[in-house]
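Have a look at these structures, which come just after this line.
First chain A sits with chain B, and in the next complex the same chain sits with chain C.
Here is the complex of A and B:
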């Protein structure tokens, strides 16, 4: 259809007398405003944080955030947590998978090794544990890849909270005491379940390294010249100040 | 259906209670002043009470109401974060925000821009505020009653040139805005000032013409007193009244009934003079920010509070001229006869409360208009003033004059006014046949895309 013709035809039509008088339409508008005003002034407001489930006369859809918190949908990727075992220690075995896959490189892990003296405990079936597990929540892009990568179900984002505000940047760097929270998780496949009686750790393997800072890949910089990373000395992994 | 009974009961008791207390204080203090000082001293009491207490308090409350009521109209909650020290759990409907606003405005630096004309820059807020304030002096806020043996008028001054004073003083207010715009040494402020003055010029004519019909009808320009417009409206049209038991009922000669077109003219023109949306081109938030862009602290506060005082004063003037002043539409004689000669101040206080309740209602209407209608473009305002309001005003003057000549008892005028109101109500209550137009269109041209259709509806009314 020809739009120009359409509009011309429409504009040449005589408008309704109500629209030309302007006043009846204005009164309609005032009636709408007043109806809403009276409903919201005299009607009780339902404080249900799920706004769509609210019943009541008031039409106010505001959720007063710090006082009323909306419920996040299932599967919401919230603040990370390190999943504890039944004994309160982290399930994490310091495999560096999450730190490796993290596109924002916001996870820093230092691994510790259980000594042979620990044979009496259940930890004898686990070789390693994190001595440092730090997430910089300011760098995190909340992609959830760390959760997918974890082979031990040791890191989750099921807190249904987003990162709270802090006064300093350092406050966004979360360490083990702040990350280790929430209900403990145990799976039937956990080694201390399956091999509870074993005297030896089931795997003896070399410590896996992240590729961060290994300098194996030559960096490409704009300008055409290539920078060869000096591999004679180990390059320090960026450490978060704790 | 759950209702906020505390709000309902609170607003039904606290607001009329406070108003009644204030008016009763005014009558009694006025009587005492006349008794112990000199006859006519009650006018001094009225200056303090009506202007400084009633108008200022209502205007201050309107600064909060503007935000809170607009929130209610837009399904929001509105300001509720400021709390009083010992009542941290209750927002008190946002009332503490008034205190925080005043504190903020009073403690901020009053900055004067470099190269600004210092004298005019400091003078402008006062010039913008004072005339608006002085305007209320002639508005009678209650009937004249006998207290302690003296006739107490509930008006600051009652000159026989009442409405002329109103026109003169109302035009003065624009000097403040123009001077503010000019002396700020800022192009945008100057633009705002120029817009304010040109808007005032285009509306001053309609403002005057809107009231001419009332002046002819009552043969007076006085507002207060027994021969003033306010008191004349308490009378019924001759022959059109009766008694239901002890209560007198009838058709009152309210200005709204006699002059509906005059009311709409005056309301639109006076609304444009308050410089509030939809006539807020002098501010023009999206374009030029306004004539007070260089002002800070309490000097800006004066401009802002002047706007709200204007709202209150305009409500008072409208009620005194068009809505029967302090009087009820019926039963005034019955109400007066209820109280003995020593208790006439109680009768006056009740009617004074009625006046201020009407003022609050009209303030609500103005705020609702401000939050409902889209603002006019600059040329649309000029079109409305010169091409629409002015001819309607002239026609209204001639028709009203002819009807009053034909029937001096004002009945013909009342019938014409009633027909005008009925036509408006009928047009408002019958639905706009937008759908039938769309159907006819489809019949002629086949399916129509929604967008092209909506564009026509979005055109402002000034284009039709």
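Here is the complex of A and C:
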């Protein structure tokens, strides 16, 4: 006999006197409600923001928001940030990739150019930088395409903070000072790690496609000192070069 | 330097001081009462409506802020939550709903579409409801997280507390023809 048939039998069973009297079942239901009510009222409440992990007696699932902040899941796309370099300037090279792909067209960039006689290490290998980088967070649809489009890993949404509400629309205009935050990021492929002169060996060219662990190439940091990369677990360079 | 007339205008008697103090007290009390008893009118037109439900449901529970009771009649509401995209066809309706609400009333633009049009930058969509009605708080996000909405609600409560409230509205109400009158005039 299958389950559905079983259920049908159960439903079509004639009611007994206890069920037809109605009162005992009514009291039964009332007892369940009262038990849950008292449990929530006097039971100890676990303030864990992850409601499903709570262990307390109380079943109240409400998050007391300003006091208890729920943990956003990994990969949550929050408020943008412009990723700084080691020297505190944004990694952005004003290539307009993010502004172009943005479906809401909420990114506005004005590019500036480093002059040739600028002696900073980065400035010799980077031509452009943003003089204006403005995101209108009130138009942003938090799709994350700007993060995907960025070739320099210069814009991220990993702040795990939501954009706060404001009284005015002007308050949502985020410019470079408001956007530039978070830990600085460097990659082995950053152009200022490339060889400074032609005396260095040719395979340094591969640095642009090198990941940490590949070996072969001692990385050159802006300070002038060299960092030996770990060669114990090499990764084939063909994995990254097509 | 202000001229002599302006200086004398600032002078107050003890009677004025006393009434001013009382009015301040009443204003504070009314503000306190009003900010914790917001009756929302959720003007939900799009996907943000789901997030509004999430805010209203038990996990986030705007009842904790005294705004638990959605009134689907603008006459009974004092907080208009514009939840979702407002297109050109919907805009007159929104304007009418706002006009039908009684004072005091506040408006929250919920989500980027209501606040600025979002990524619907086209001929059919109103580029922000503040083009037709005044907005008190903007909540970003597409859709906003419930935390963002609660942030916005707390901002609004602070604003209401700081506003000036009085007993009895002496303001002359604008004479607006009803839809029935407009239809009668057309005939």
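The working rule: the second predicted complex is superposed on the first by the 171 of 242 C-alpha atoms of A that agree within 3 Å, B and C clash if a C-alpha of one lies under 4 Å from a C-alpha of the other, contacts with A are read in each partner's own complex, and residues count from 1 in each chain.
The definition used in the following text is that a residue touches a chain if its C-beta (ideal position, glycine included) is under 8 Å from a C-beta of that chain, and two chains touch if they have at least 3 such contacts.
All values reported here derive from a predicted model rather than from experimental measurement.
S.K.: In the overlaid three-chain picture, which partner chain does A:105 touch, first (chain B) or second (chain C), both, or neither?
M.R.: Only chain C is touched by A:105; chain B is not.
S.K.: Looking at chain A, does chain C or chain B touch more of its residues?
M.R.: After superposing on chain A, more of chain A is contacted by B.
S.K.: By the touch definition at the top of the document, which applies to A:189: first (chain B), second (chain C), both, or neither?
M.R.: In the superposed model, A:189 contacts neither chain B nor chain C.
S.K.: Between chain B (first) and chain C (second), which, if any, makes contact with A:163: first, second, both or neither?
M.R.: second
S.K.: Of the partners chain B and chain C, which touch A:41 in the superposed model: first, second, both, neither?
M.R.: Only chain B; A:41 stays clear of chain C.
S.K.: Once chain A of both complexes is superposed, is A:25 in touch with chain B (first), chain C (second), both, or neither?
M.R.: first
S.K.: Touching A:115 in the superposition: chain B (first), chain C (second), both, neither?
M.R.: neither
S.K.: Output check: A:62 vs chain B and chain C. Expected answer is one of first, second, both, neither. What do you get?
M.R.: Touch status of A:62: both partners.
S.K.: Taking the superposition on A as described, I'd like to know which of chain B and chain C A:172 touches: first, second, both or neither.
M.R.: In the superposition, A:172 touches chain C alone.
S.K.: Looking at the overlay, does A:16 come into contact with chain B only (first), chain C only (second), both, or neither?
M.R.: Touch partner of A:16: chain B, not chain C.
S.K.: Can you list the residues of chain A that meet both chain B and chain C?
M.R.: Correct list for chain A: 61-62, 64.
S.K.: Residue numbers of chain C touching chain A in their complex, please.
M.R.: Per the touch definition, chain C meets chain A at residues 58-61, 64, 112, 115-119, 121, 128, 130, 136-142, 144-152, 154-155, 159.
S.K.: Could you list, by residue number, the parts of chain A that touch chain C in their complex?
M.R.: Listed in rising order, the residues are 51, 61-66, 69-70, 103-105, 136-143, 162-169, 171-172.
S.K.: Considering only the defined contacts, which chain A positions touch chain B in the complex?
M.R.: Residues in contact with chain B: 1, 3, 6-7, 9-11, 13, 15-30, 32-34, 36-37, 40-45, 56-57, 59-62, 64.
S.K.: Would you pull the chain B residues touching chain A in the complex into a rising list?
M.R.: Its residues touching chain A are 1-4, 7-8, 69, 71-77, 264, 365, 368-369, 371-373, 424, 427-428, 430, 432-434, 437, 441, 445-449, 452-453, 455-456, 461, 464.
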